[in-house]
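One chain, subunit A, appears in both complexes that follow, with subunit B as partner in the first and subunit C in the second.
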Partner chain A sequence: MKPKVAFFDFAGCEGDQLQVANLEEDLLTLLGQVEVVSFREIMKEHNEDYDIAFIEGSCTRLQDEDRLKQIRKNAKIVVAIGSCATIGGINALKNYKNLDEVRQIVYGESARLFDTYAARPIDAIIPVDAYVHGCPIDRNEFLQVVKSLLLGKKPEVPNYPVCVECKKNENICAFDRGQFCVGPVTRAGCNSCCINEGTICWGCRGLIDNPNENSQKEILIKYGLTVDDAIGKFKLYFGWQEGKR
Partner chain B sequence: MKIISKDEFSNFVDALIKDEKWNVIGVKAKGDKFAFGPLENANELRLDYDVTLLPPKKYFFPQRETLFTYNLADGSSAKNPETKPSVIIGVHPYDIVALFHMDEIFRDTKSDPHYFEKRNSTVIIGVNMQKMSKWNFAPYMGCAIVDYGYDLMLTDLGNRYAISVGSQKGGELLSKYAKNVNSALARDIQLVGQKKREIMNMSQQKFDFSTEMIPELLKETYEESGFWEKHAEKCLACGSCVLVCPTCYCFDVKDNPDLALEQVERIRTWDGCLLEDFAKIASGENFRPTRPTRYRHRYFKKGKYLFDRFGFISCVGCGRCSSNCLPNIANPVELFNDMYHEIHSKGVKVSPAQTPEVNIQTEGNIDYVPRLATIINKTVMTPNETLFEIKMDDGSELGHKPGQFAEISVFGIGEAPISISSPPTKKGSFEICVRKVGNVTNKLHTLKVGDKVGVRGPFGNGFDVDALKGKDLLFVAGGLGIAPLRSLFNYVVDKRKEFGHVVLLYGCKEPRELLFSKEMEELARRPDVEFKATVNWCPDGESWGGNIGVITTLIPQVSFDPDKIYAIVCGPPVMYKYVIADLKARKVPDDHIIVSLERRMKCGVGKCGHCQINQIYVCKDGPVFNYSKIKGVPEAL
Partner chain C sequence: MKDEKGCEKNLEIKVHYVTRVEGHGNIYVNVKNGTLEKCEWSIPEAPRFFEAMVVGRHWNELHHITSRICGICSIGHTLASLKATEAAMGITISEQDLKLRKLALHAENLQSHILHIGFLVLPDLLGVGSVIPLATSNPTEVKTVLSLHRMANEMSNVICGRTTHPQRLIPGGFSKIPTMKELVALRKRLQDSLSSIEAVANLVESTAKFPDFKRETEFIGLTSADEYALYDGQLASTDTGNAPVKEYLSYTNEYIVPISTAKRAKHARDSYMVGALARFNLNYEKLSPFGKKVAGIFGLKPICHNPFMNNIAQLVEIAHSVEDSIRLIDELEATGLKPQPEYHKLDIKIKAGSGVGAVEVPRGILFHDYTYNAKGVCTKANCIIPTNQNHGNIELDMKALIPKILDKTPKEVELTLEMLVRAYDPCISCSTHYLTVNFV
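This part shows the complex of A and B:
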């Protein structure tokens, strides 16, 4: 029997589900292996009977917690997809601001009606079995993870930084191009895709387990960033992991 | 020596490109840096480069390489398709020496067919350096000029190149594809000599002492933890220094299934000892857990371990590590200078290292493709451990010695090293006792009788059974450590008359974790074997009549003659120190203590670097070691 798969979204942009919907041919091959029972991007129906739940977006409201717990109860395997779900993502940027202020900015007059709290990754609420990091996720990595799950294997997420892939791809380092990169502390797995395209790593896959943050900041400053800008580099994606809760 | 005009040289390159027989690779510009890449025409060549981002080793040992492809359903595998031979144009002398270093590694003990297939079919056209990166210190390492390892070697003489022909292959290539090649005149030969002398003075780096002292300096510095901590404080564990190094060869092996889940590629990818998980095993133990220990390992590997093994310092001075390390702590020149001054200031005199006696032998090729085998019996022993009986499909015996291990493939998932748990006296099949801890072992537990697995091996050094004959034996097993010991223990029991007094001490955490409990019960009834078991604790609801306490509490309970007894010890990493201390307290001589060690493993044949403890490879030199041989090896116990 094919495993039943469902997709859910919380606070995020749905960019990750779009990546999945855009897999085209590969998706067809993949769909041969699974049965999608719920996926807003490409279908209307919804079904509560599923084996694998892919969850996108971070948890930003107390009310979301019950829905997450319900998904955990229904699913055998829960997979967090995209930075918002895996590490709190860019949503956690707001954790640096006063939350009342955030409510005011987002909801204006009706702010009092909405209840928002520090944005957090899914595993702050429920146990998560597998992660597809990235903002947006890398389609190939998504396929890798699905393949692993279908084979009964825990998907392997590297615990080394983006520099490893960047070196293998023989890129010119961003610092040598006069740019600033947080690849040395960011978890690899994206095949250093942004640097391959001539840009930098913004850190969308989150920190590795034991990042040397001081050294990274020192390097950013040594190459010319101000202290504030160096700290800003860490805020963009690492907020929740840096303990900003 | 030959001479060719630059125009004719371009024609030569274009002629090579035109002949579809060759993959023509050369140095090209990449932004304001340089990289080796496929050439479309001779104009792309930039022989005036300083250094390439990655060394040319990527053509022999690629970043990602398919070792073979197999069918997920039945494990049957196909060979890789053959690749075209290559010509690589513009290799600097230090990179040529580095390839020579790689050759030694990949041919030692067993030859790596994937590496040598490409190496042997490739023509190397070297070029003497016209520019040198500011980080380069090749002259100090004796690698700035070279008179071996190339097929052709170019020296730029303005409007023409001087060519040294280094091999018949090179000569033939030249006569087939190049026109108007003349013999060099005395003047040009002189010019080449002059250029080479200039190169020897081009480095902007400076060693404050003779590099021949490096191995001895390192020896003096190993325990200086403050030294390594100071230098590695800013280390990002980013691996850049090893990934760009032309002499680094460590790799990881992984399985990659296709989307239809029908075919699986087994790939190898570059890995590096600076990365956090390099020496970490499934139980969570990390044998090089801190940045300073990993940072130190790299320098020791280059400057001491490989020197002791091959007689050369495995750094060619290309300077790539220095230029790629963002916190600027990977420059060997700075590190070694600092080390020299530190040691010097302590008044320690260090002399140049003696070249070791080197004896490299190659016994055939490594087979990365496993042989097919079938699970013929499965005995669940505890919730986490199961005994599998496995039979080779071709009807052959595994042919192992007690204490050896095999690499077991679970198709679609990967490979894991597992000790053979049955004695060689058991014919027709063999047994492995497996604890589920990660991907391979978990999946193995779900396989049924009749399912297929892959087997490579047996690997490693087992117990020296002949040396143990007639001796008294004391087996000390902790937890899963019983698995490898059982291959020897059951052998001893099968040939009981050939051995003296035999004692087995066995401990685990709690009664329900006891492995081989039926066999143990039988053992307990045997008059010719002394058997004692212990548990660390006995939870309520479980029953236990034996000793309670850690394994060392059993040692005082047995009497033996320390000069006659041989102790054979295997268990979790924390156990060795305590057991060995107690044995020594009982006056057991060091060379009467035999241990079997566990480390992270990938290749099983001394190549991938994962299992290394200092200079020792557990997969090839062990896993069974005489304690007297490893007691001075700091990373061992």
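This part shows the complex of A and C:
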């Protein structure tokens, strides 16, 4: 019997589920291996009986925790897809601010009608079995993770920095170009895609497990950058991981 | 209220999370003794507070952050954001970059419209719950849709680096540009897709039984004397005429309703509509010949007041975008691509100021409005999303439509209302990111 899979979304842009739709012809192949029982973005049917749950988006409200716990109860395997689900993502930018002020800025006098708390990754609420990092996820990496899960293996996630891939790709280092890049502390697996396209690493895959902070400081001093430069960039995606909660 | 046959009936419809739309929306309808007592289109989606998050961030980060408002229209958000920042700092872009940005926008419109018609609408027309069973029952049609979708995605890759949260679009231009060889290969694919697009149009024409429903409303979008306005233009309304983009707040007039985390908007009437049908109604004359031909297949003419025809207006725009992209590539080929350094970055003179960027994205007109201090740090942001502008119109359409379909079974009523919502192609996660309030 084909494993049953379901997709769910919380606070996020649904760009990761879009990458699944973007598999196009490969999606048809994948559909030969699994049965999709719930995927609100593209299908009307819904079923609570599933083996693998893919969850996109972060949890940003107390009221959403029950839905997450229910998914955990129903599923044998829970996979967090995309930065919002794996590390809190860009949503955690608001964690640096006073949340009452945040609500006030957006909803004015009606602020009290709209609940919010510090944005957090899915594993802050429920145990997660596998991660597909990135903003957005890479569709081929998603396929690899699904393949591993179907074979009963734990998917491999790199635990070295983006610099390793970036050097292999022979990019000119962003620091040598006078820009600040968080590649030295960011988890690889993206094949340094943003630097390849002429920009910098923004940190969307989150911090590696043991970031080399001393070497990061050396880079800052070497290139005459300030701690403020670093903190500013770290805030983009690392809010939850840096303890802002 | 009685239905058109004079029957008085009771009906309760609750749709928790309408499917095959982007984001979470609920429909609640209650009819008692033939009287419509309640009709609500509500948005329970968790808000994300982008306008507060960008305050304190640098001018060269805003496009990266606000792209994350929406996975489907991230190119459009990035472009609106860049235009706002560039307007605030007085930055102009080259003619070549302008053409490349127009190609980026066409790529996104194509991707989004094809996804909507092929994946989200077609199942309704063929009476199934999703595109998945169609892969077995209608393999040829599904393959055609998938290959068009792939073409649009690859077009985004060639122009922007990738299709979702594009990397190459930066303040002042591009960090990297495509090669002429890549553009020529793209041109061939676009040319080859014309017959597939016509085939999809004919398939939709042969199956589409959209309700014959009409409710007069106001249509708002960009307009331009030079082209079918997408990247730039003046504000236009079918009720009140044109105005400069910087006057957008007098058009959008956002307000909050307690049932929704998404704001609503109104202008000359109780609601207005934005999106493909609004653009079609405002700018029909500027469509490319192939765009007009596809409109002809359906007999679609401006001004059309049937919201279900937004699906068809999207098909017309698919045809237009392909043909106009071919034209843009031809122009770039004629002048030759001017090379730029690798890892290109403009030296920009930072200054304090405010700027508004308006762009037509798949679901309608999108505004980003930023204020920067002298250090280039954002002090205030306002973003108004197409779907927010449509929420009020969707609910008023429902109120007008329900009495006309009360003779149907509750299931049919429910499906018709869902089809109405889907026709607008709402992008709900977008719309709850933005809710803006006037500062006091």
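Keep in mind that, in the parts below, the second predicted complex is superposed on the first by the 233 of 245 C-alpha atoms of A that agree within 3 Å, B and C clash if a C-alpha of one lies under 4 Å from a C-alpha of the other, contacts with A are read in each partner's own complex, and residues count from 1 in each chain.
Just so we're on the same page, a residue touches a chain if its C-beta (ideal position, glycine included) is under 8 Å from a C-beta of that chain, and two chains touch if they have at least 3 such contacts.
Values in this document were obtained by computation on a predicted structure and should not be read as measured data.
Once the two complexes are laid over each other on the shared chain, residue contacts for A:Gly203 go to neither subunit B nor subunit C. With both structures placed on the common chain, the touch criterion links A:Gly239 to neither subunit B nor subunit C. Legend: residue contacts after superposition of the two complexes on their common chain; A:Gly88 is shown touching neither subunit B nor subunit C. By the touch criterion stated above, A:Ile172 is placed in contact with subunit B and with subunit C alike. Looking at the superposition, the partner that touches the larger set of subunit A residues, subunit B or subunit C, turns out to be C. Once the two complexes are laid over each other on the shared chain, residue contacts for A:Leu151 go to subunit B alone; subunit C is not touched.
In the three-chain superposition model, subunit A touches both subunit B and subunit C at residues 172, 177.
On the subunit A side of its complex with subunit B, the touching residues are 26, 29-30, 32-33, 143-144, 147, 150-154, 156, 159-161, 163-164, 167-173, 175-177, 183-185, 208-212, 214-216, 218-219. By the touch criterion given at the top, residues 30-33, 35, 53-54, 58, 63-64, 233-240, 243-244, 254, 256-257, 259-261, 269-270, 272, 275-277, 291, 324, 326-327, 412-413, 438-439, 442-443, 446 of subunit B touch subunit A in their complex.
Put simply, subunit C touches subunit A in their complex at residues 17, 19-24, 45-49, 51-53, 55, 57-58, 61, 64-65, 68-72, 74, 115, 119-120, 123, 129-132, 135, 142, 146-147, 149-150, 153, 161-165, 167-168, 170, 174-176, 256, 258, 261, 342-345, 429-430, 434-440. The touching residues of subunit A, counted against subunit C in their complex, run 9-19, 21-22, 24-25, 28, 31, 36, 39-46, 57, 60-61, 64, 89-91, 93-94, 97, 101-103, 105-110, 113-114, 116, 135-136, 172, 174, 177, 179, 193-194, 197-199, 202, 232, 236.
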